[in-house]
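Structure first, then comments.
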Amino acid sequence: MKIGKVIGSVWATRKAACLQGQTFLVVESCDGVVVAADQVGAGPGDKVLLATGTVASRYCMDAPVDAAVVAIVDQEGRHVSP
Amino acid sequence: MKIGKVIGSVWATRKAACLQGQTFLVVESCDGVVVAADQVGAGPGDKVLLATGTVASRYCMDAPVDAAVVAIVDQEGRHVSP
Amino acid sequence: MKIGKVIGSVWATRKAACLQGQTFLVVESCDGVVVAADQVGAGPGDKVLLATGTVASRYCMDAPVDAAVVAIVDQEGRHVSP
Amino acid sequence: MKIGKVIGSVWATRKAACLQGQTFLVVESCDGVVVAADQVGAGPGDKVLLATGTVASRYCMDAPVDAAVVAIVDQEGRHVSP
Amino acid sequence: MKIGKVIGSVWATRKAACLQGQTFLVVESCDGVVVAADQVGAGPGDKVLLATGTVASRYCMDAPVDAAVVAIVDQEGRHVSP
């Protein structure tokens, strides 16, 4: 997964029927900006874990999405070299 | 998903049998230009959500496509930092 | 999908058993050069639609290929801004 | 797979229910930094094999992860040209 | 698929149980260096076809690998423009 930051939202009324009820967040990571489905309840500025590909679709009840927020990051620790 | 803009169309008569009836749009996003199947009814200049990979194929009744337009974007909002 | 141009062929005698009978074309797209299975009958110089990932494998009867030519492009039209 | 080095960890309490019990490591490879689920027991500084995509999810009991540590590298040998 | 060259090997004793018996080769392609499972019997310096993603896993009996050598290239021909 990539660590990203929630920077916005997207609204769409004309869409695949199976996308009804999905929330779309704009997430910025080191790979650029993607639109991800959110079922964790992330909000503006949250640091999140982003899963992409078929995995994201399965997590969102097989909706046609290729990116999903799967966790909100509490803490990220880098190991200190001895 | 990526946000893209519909900039053209592609026509092909010699193709996989299971591609019959699919509409192919040329969509430009931050990742470059891709050809995506469209079942939402997007038109020239529309801002769209683009899903890629197996997800796109499933959405298009398992046709051999790896990109699909899944929504037309009404509005994209960026959060304002406090 | 990506639009690519057929620029060569690849021959391999030692290969996965399930690759027997597959034709491999060298296709150049904006993403670089890939080797794709062809079941559409594309030839040298043809402009083709390239599908990648699991989608390509399914289209080729579950052979272990991750790229396939799924159509030969007749025409590509770019929309004119008003 | 990519060869990466474990450089940190990530903690998340609000997450997909099916992520409970997963350990998340920060792994740096030539492709950049990713967060990967670990079921091999890798530790700080370990050189690991990283698998990405649906493969990683299957390995982690279909959890919504798109990267997983699948092995700890003992030795990497480069062939010497004659 | 990508055309790559076998440049090394990787050994790992602590790994996913389902990776037992897999041979791991280091393969260099235009996309960089990856570690791929080999069931074709490729050796140092061989030019090979590399399949990535779920396709590679399926070919390797659903082992958690995302890259596999699926063929050894005998010959690669580039078409000559008329």
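All chains are identified by letter, namely A, B, C, D and E, in their written order; residue positions are counted from 1 within each chain.
Please note the rule applied: a residue touches a chain if its C-beta (ideal position, glycine included) is under 8 Å from a C-beta of that chain, and two chains touch if they have at least 3 such contacts.
From a predicted model like this one, the values you see are computed outputs, not experimental measurements.
Novice: Using only the C-alpha atoms, find the rotation that maps chain A onto chain D and quote its angle between 0 and 180 degrees, to the nearest 5.
Specialist: Nearest-5 rotation angle for the superposition: 70 degrees.
Novice: Determine the centre-to-centre distance between chain C and chain E, using the mean Cα coordinates as centres, and give it in whole Å.
Specialist: It comes to 19 Å between the two C-alpha centres.
Novice: Need the CA-centroid distance for the pair chain A / chain C, whole Å please.
Specialist: Roughly 31 Å, centre to centre.
Novice: In chain A, what residues contact two or more other chains?
Specialist: Residues 53-54, 56 of chain A touch two or more partner chains.
Novice: Name the chains in ring order, counting from chain D in the direction that reaches chain E next.
Specialist: D, E, C, B, A
Novice: Can you list the chain C residues touching chain B in their complex?
Specialist: Listed in rising order, the residues are 1-3, 30-31, 39-41, 49, 51-56, 58-59, 68, 70-79, 81.
Novice: Applying the document's contact rule, which stretches of chain B touch chain C when the two form their complex?
Specialist: That would be residues 6-16, 18-19, 24, 26, 32-36, 44-45, 53-54, 56-57, 62, 64-67 of chain B.
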